[in-house]
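Some structures to go through are shown next.
Next come two complexes, and both contain chain A; in the first it sits with chain B, in the second with chain C.
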Partner chain A sequence: MAFADHPTARRSERSLLHRLYSAYGQEAVILVAMVALFVIVGLINPRFLSPENLNTIFSGNAYIAVAAIGMAMIIITGHIDVSVGALIGVLATISGTLAVAGYPVWVAWLVPILVGMAVNALVGAMVAYARIPSIVVTLGMLSILRGGLISVTGGAWISGLPKEFLIAQAKPLGVPAPIYFMVILTLAAAFWMRYSAFGRSLYAIGGNPEAARASGIPIERRTVMVFVIHGAFAGLATLLFATQLQIIQSTVPPNLELTVITAAVIGGVSILGGTGTVIGSTLAAILFAAIGSALIFTNVSAYWLRAVIGVLILVTVLADMIRRRRQGRA
Partner chain B sequence: MKKIILASLMSLSLSASFAHAQSPWTGGDDLPTNPLACDGTAGTVAAKPYDGGEATNAPDRKGKTIKVVDVPKLVGIGYFNATSKGIADAAAEMKTMDAKTDGPTKANIDDQITLIDNYITSGVDGILFAANDPVAIAPVLKKALAAGINVVGYDANSTPDARQWFVNQAEFNGIAKSVIDNLAAEIGEDGAFAIVTSTFTTPNQARWIAEMGAYQAKCHPKMKWLETVEAQEDNILSFNQANTLINKYGDELKGIVGMTSVATPASADAVTQAGKCGKVAVVGLATPNAMKPYVESGCVKSVVLWNPVDLGYAAAYVLRATADGDLKPGATSVKAGKLGELKVINGSEVLLGSPFVFNKENIGQFDF
Partner chain C sequence: MPGTTDAFISLTGATKSFNGITVLKNVDFDVRPGEVHALLGENGAGKSTLIKIISGLYTPDGGTIRIQGETVSFSSTRDASKRGIATVYQELLLFPELTIAENIFLGAYPKSNWGGIDWDTVRERSRALLDSLDSAELDVDTKVARLSVAQRQRVEIAKALSRDARVLIMDEPTASLAEADVQRLMDVVRALRARGVAIIYVSHRMPEIFALADRVTVLRDGALIGTKEIGEVTEASLVAMMVGRSIDQLFPKPEPIIGDVLLEVEGLRCGRLVRDMTFSVRRGEILGIAGLVGSGRTETALTLFGITPAEAGTIRIDGKTVTIRSPKEARDLGIAYVPEDRGQQGLVKAMTIRQNVSMATIDRLSRGLFIRFADEAARAVEAVKRFGIRARGGIEQPVGQLSGGNQQKVVIAKWLETAPRILILDEPTRGVDVGAKSEIHAIIGELARTGVAIVMISSELPEVLGMSDRVLVMNNGHLVTILDRAEATAESVGAAMTVAKNRKDAA
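And now, the complex of A and B:
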């Protein structure tokens, strides 16, 4: 154990840096990695840091970052959702169908968010009250949504979307709209998670459900609510996903749910629940996009993207375990 | 924890520096290529003996009106609506074919087998099919051949001995020639281009890319192939990758080739949103429905695929010639109405011909 030889005595004289680190350790790691990446690749090819490319990097995974906010909340509460990719696909089809049918665009934007909340209210109720493990419920939901989507659409794509519907293509002040969505939603969620009683109770539920129950937290209701909030973020992610291009596919990117979960985990959310922040998950989503772009700028095969992300997952989980072990001993 | 930071930094910088030394991957496979001639002349065909099946004791059907059933992968989608229109057109033209289309409502091999079995029992002279599974469909097709029914496939093959002929919509080198020729026409003989594909290991895409590389080196040697990037079957990733290519190469990049129905429209959208229409050409393989917005806006000029109406039309003529005894094992070509003389390739396949290019004038006529 590389860390076992740290004298326990030194822990009492923790500096401010240490305290910041223990609260935002993983976020700091990602931030440092990202800055290093920008510096190195920027030196190799300065075009990497051009405003256009920074826009591409920061907006490229914005929809994944938004979905990962909800996913981080779910994992922090001690659950998991493997159906979010399929849900985004279904919501995108609903949104596009409404837009093409001539409904006002705000209806086409709002309905998928509401449907996402409704679907996840059902999932949350089954998890909280029927006590079925969330992995089982969401695996079932994954099959239902994916199968339903193909049956209903017959694999047909939606085109002819009205211009004003395509919100992700807007560029207020020269910055792509998805970046605004990502930043505002991440900050709002981060503040809410840290400072509201509700947000803090999620950490308690994920960390130790029995203790949370003993302290009077209504676990079942909170669980349903956190799934509903996650559904709303899935709906918001859909807005960005469905309006980025002029056509909507009847399929979603393969393994989208895994990418979203990976963003949350690399962002420092413990897969065992109880710790992590949504700032970390958003930084991780941006880091994926930055690595993907860097590989092209440095002429590396895209296979490295998977390898690098794999290494990041292992390092993150390892760090999480070490942190837990140290806390356990303290 | 410092060690972990150090480790991740090191792995990042390592991959970045290694990387720089490597040459970009082409995304093609290592199989031998067979580029077509630069002008329109037909490519060389390696002679291969007939490997299709025989209809046993088929009655003499020459000139007689024959009853034909067409069993596509599924019915109710634009693509197979187009093939069955082609078959109906051919039947109407010949006046000696009574053709109808009946397929499963989902692309399900079991439903398809049941349907074909029912038609064998009810008695038809010919079966046209597009297989949902090349191996699973073989026994029922062999049963049809044993009953003296003429069997011809199109779009999706079965094992060769389970049918007499298969109409092949496009060969890899034909698609490659069409893509590169159209690209050269748009970006010029010395233009630079990049490719967006699904993954480097997707068999069809890797084959097309290898043939494109060979044909470009042979017929458009001054064009500059910058690199190939992967984008899975992921539309947003395809969009990001195309944007990154535009950002990386700036004005040097004159064209992007999309290799899938996902990558091509996403690349076109990236070019559109970057305000580069007319400066960066997008050529690619895609279905017309996926490309209509971009072709109609004028940002994309050519989309390469085949024409499914022609495919159905050719299949009907091949079946007629087989029933008449005009298309026998060992034949090198077959007459297919307005499509003219079609070549026999690979032992028992009939090649539809050059790929079809969808453009602003014709794309509105297709719905798949």
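And now, the complex of A and C:
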């Protein structure tokens, strides 16, 4: 590296990734990482790119991406929700129970969404009006939901779900239904966040709540609303999660909330609020699933998955902090 | 120069600059043992920079420091404290969960034979120090959290004395004290002086300065205006020294076009610092609000703007009584507020100029569900042009990357987007460089001429006197007086700002 010390040489070496990062943000970095992962692992083991495996990666994890959309909105507004995994567990049980009891399937699909919105309206109200930090409220909610679920169901599985209930197994035009959900919801939410006054106000509240309030933004009402919307996404995620198998386990999916939060953060949503997009969170959710699958196809122990994700979290948050310091913000 | 030989510490030609801006130029200053030397100046005059150089927090770029004739240089507060220099800061730096004795000796605990902390000595010596400060009522084992501000201050002083302080710097020590405590503090200062301690006393309050100081030094714009024996000066002459004379040249004020009364406030109350405010502002008029820090100026603005809604009183706009319970309601009534602290209440720094400029009007800029982006961008471009906002990245540059003056212009632009009829400006030029300052003054003058009623809060007396058609003076939550432009002088406003606290309130 004879001329590495030359200033222009150093700048151009850094520039490709750096330029990509500053122009298109974390989303572009994840997209590049994902393409690279598919190409490299596909070369090592072509079965990685088989339709069955791609279906598992995209369709099987769509519910995480859908839940991460709501989570991204919550974190952008400057809050957090650690109860979403437990909520999805409860909603799945409600949905399955209704389906088995013979209610029309649309009732079994719709009720969890409404319940999710109602539960989160309560959470949002406690955060906005009682001014309890969201981490505390949702930790409480996590315990209530998880404990309540086990007490009520006794851990029994729900089986005998009617065929028409299993929407996640449908394949309109040969493409699994969860992929439609994931793509359409992500694009709609991204559009809404970027182009609506509501979305803009969430960024403002997350960036500086006092300035947002002084600018006439009703931050309490917005906070409750964003929690309600997040509840709706949790309900939609439940729809995909509860209908992918013939049975529903009446337990909380382990670590689901962490996976959802991680997707949002690695997708470029600043954990301090105010920046990020839902496109990033969806891409990151798929990236994890792809990494997990890639480890299997390259014969690496799956236990490495969490370690790899852990490293990704730290690198992403570090990059965020550096970027903030550059902006004179931190 | 008189005083240099017998001074304990003396500075000659002290100079300091930050990022190319000189905040202290060529200042001489000294203090003798057994003397109270008052240091005066407006905000930003360089007082705190000077203090920080003496206490070793800043290293001066030029000039020399001598202690008892010997040239020294401090590279840290530790160095200065070893030479007997101690500071009692405005914001007290004690640990509330530790006891008085623990606080006094923190970092310099006497050790016992086996190397542990000798608590008996700590407590005994703390007791003796407090007694010497006439504070027999303080128990050395009490947690500091349970003490009043005045008591904490005495603990701070005891802490300084425990380090054998020869020079004690007191930065606005009475700013948050009640009248009775002020008297007591002054007694303590006198006792310290009698013991031969050299005291540097920073304060805005004239009565204290005349009661305590032996000499007084005035700084303005980082330069030394003069050091005088207290007998040589009067309150009026000190204020004149602080403010300077060139007000008229600094603020070329266009002839105002004053219309009907637009805003009337009667008996407005909110908390401790907005008590019974009654005033009015006309269209096209600039009402300056002067007062010391903590006199209730900002609180009055926050109440008018609905951030802390009024507890009592009437607000009328155009003769109609209105209620204002939130910033949104205030905005919808045509009130805009450019806050004191840009970073905290004015801007979202991670967002772009475009997004900040539209923030207070984003609902009006939307059609149906979505923001009209073309309109939003066009308005931001116009604001950048109109206010001369300098941004390399144009309207898509995050405001956190702009200079202070340009950030302030963005805040003003944001509020003018709401087309306000009443504009409240709180310290509109704080932390703004000289060029941007006069640009902002020009914008304010122009707005007034278009019929906007302007309320301008400022700690800079020249700004208040230069810009205002009338000057309202506040003190301790009360309105003291409202002066017409012709009556408002540095002397009259300065005197009203510093009148002794109302007896009734102290009780």
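Please note the rule applied: the second predicted complex is superposed on the first by the 304 of 330 C-alpha atoms of A that agree within 3 Å, B and C clash if a C-alpha of one lies under 4 Å from a C-alpha of the other, contacts with A are read in each partner's own complex, and residues count from 1 in each chain.
Simple rule for what comes next: contacts are C-beta pairs under 8 Å (C-beta built on N, C-alpha and C of every residue); 3 or more make two chains touch, one makes a residue touch a chain.
All figures in this text were calculated on a predicted structure; none of them were measured in a lab.
S.K.: Since both structures carry chain A, what do chain B and chain C do when superposed there: clash or fit?
M.R.: The answer is fit.
S.K.: Between chain B (first) and chain C (second), which does A:203 come into contact with in this model arrangement: first, second, both, or neither?
M.R.: second
S.K.: After the superposition on chain A, what angle is formed at the C-alpha centre of chain A by the C-alpha centres of chain B and chain C, rounded to the nearest 10 degrees?
M.R.: 130
S.K.: Quick one: is A:254 in contact with chain B, with chain C, with both, or with neither? Answer first, second, both or neither.
M.R.: In the superposition, A:254 contacts chain B only.
S.K.: Could you look at A:195 and tell me whether it touches chain B, chain C, both or neither (first, second, both, neither)?
M.R.: A:195 sits against chain C, while chain B stays out of touch.
S.K.: A:97 contacts which: chain B (first), chain C (second), both, neither?
M.R.: After superposition on chain A, A:97 lies in contact with neither partner.
S.K.: So in the superposed three-chain picture, is A:315 touching just chain B, just chain C, both, or none of them (first/second/both/neither)?
M.R.: A:315 sits against chain B, while chain C stays out of touch.
S.K.: Look at A:212 in the shared chain and tell me whether it touches chain B only, chain C only, both, or neither; answer first, second, both or neither.
M.R.: It touches chain C, and chain B stays clear.
S.K.: Determine, for the superposed model, which of the two partners chain B and chain C contacts more residues of chain A.
M.R.: Greater contact footprint in residues on chain A: B.
S.K.: Quick one: smallest Cα-Cα gap between chain B and chain C in the superposed arrangement, Å?
M.R.: Superposed on chain A, the two chains' closest C-alpha atoms are separated by 18 Å.
S.K.: Name the residues of chain A shared by its contacts with chain B and its contacts with chain C.
M.R.: Common to the two interfaces on chain A: nothing.
S.K.: Using the touch rule from the top, collect the residues of chain A that touch chain B in their complex.
M.R.: Chain A residues touching chain B: 2-3, 21, 25, 29, 32-33, 36-37, 40-41, 44-45, 47-48, 50, 52-53, 56, 60-61, 63, 154-157, 159-160, 169, 241, 244-247, 249, 251, 253-254, 289, 291-304, 307-308, 311-312, 315, 318-319, 322.
S.K.: For chain A, which residues are in contact with chain C within the complex?
M.R.: Touch residues, chain A against chain C: 192, 195-198, 200-201, 203-204, 207-208, 210-218, 274-275, 324, 327-329.
S.K.: Given the complex with chain A, which residues does chain C contribute to the contact?
M.R.: 305, 307, 326-328, 330-332, 337, 339, 344-351, 355, 359-360, 362-363, 365-366, 369-371, 373, 398, 400-401, 414
S.K.: Enumerate the contact residues on chain B facing chain A in the complex.
M.R.: For this pair, the touching residues of chain B are 1, 3-5, 7-9, 11-13, 15-16, 18-20, 22-25, 76-78, 200, 227, 229-230, 232-237, 239-241, 243-248, 250, 262, 265-266, 269, 272-274, 289-290, 292-294.
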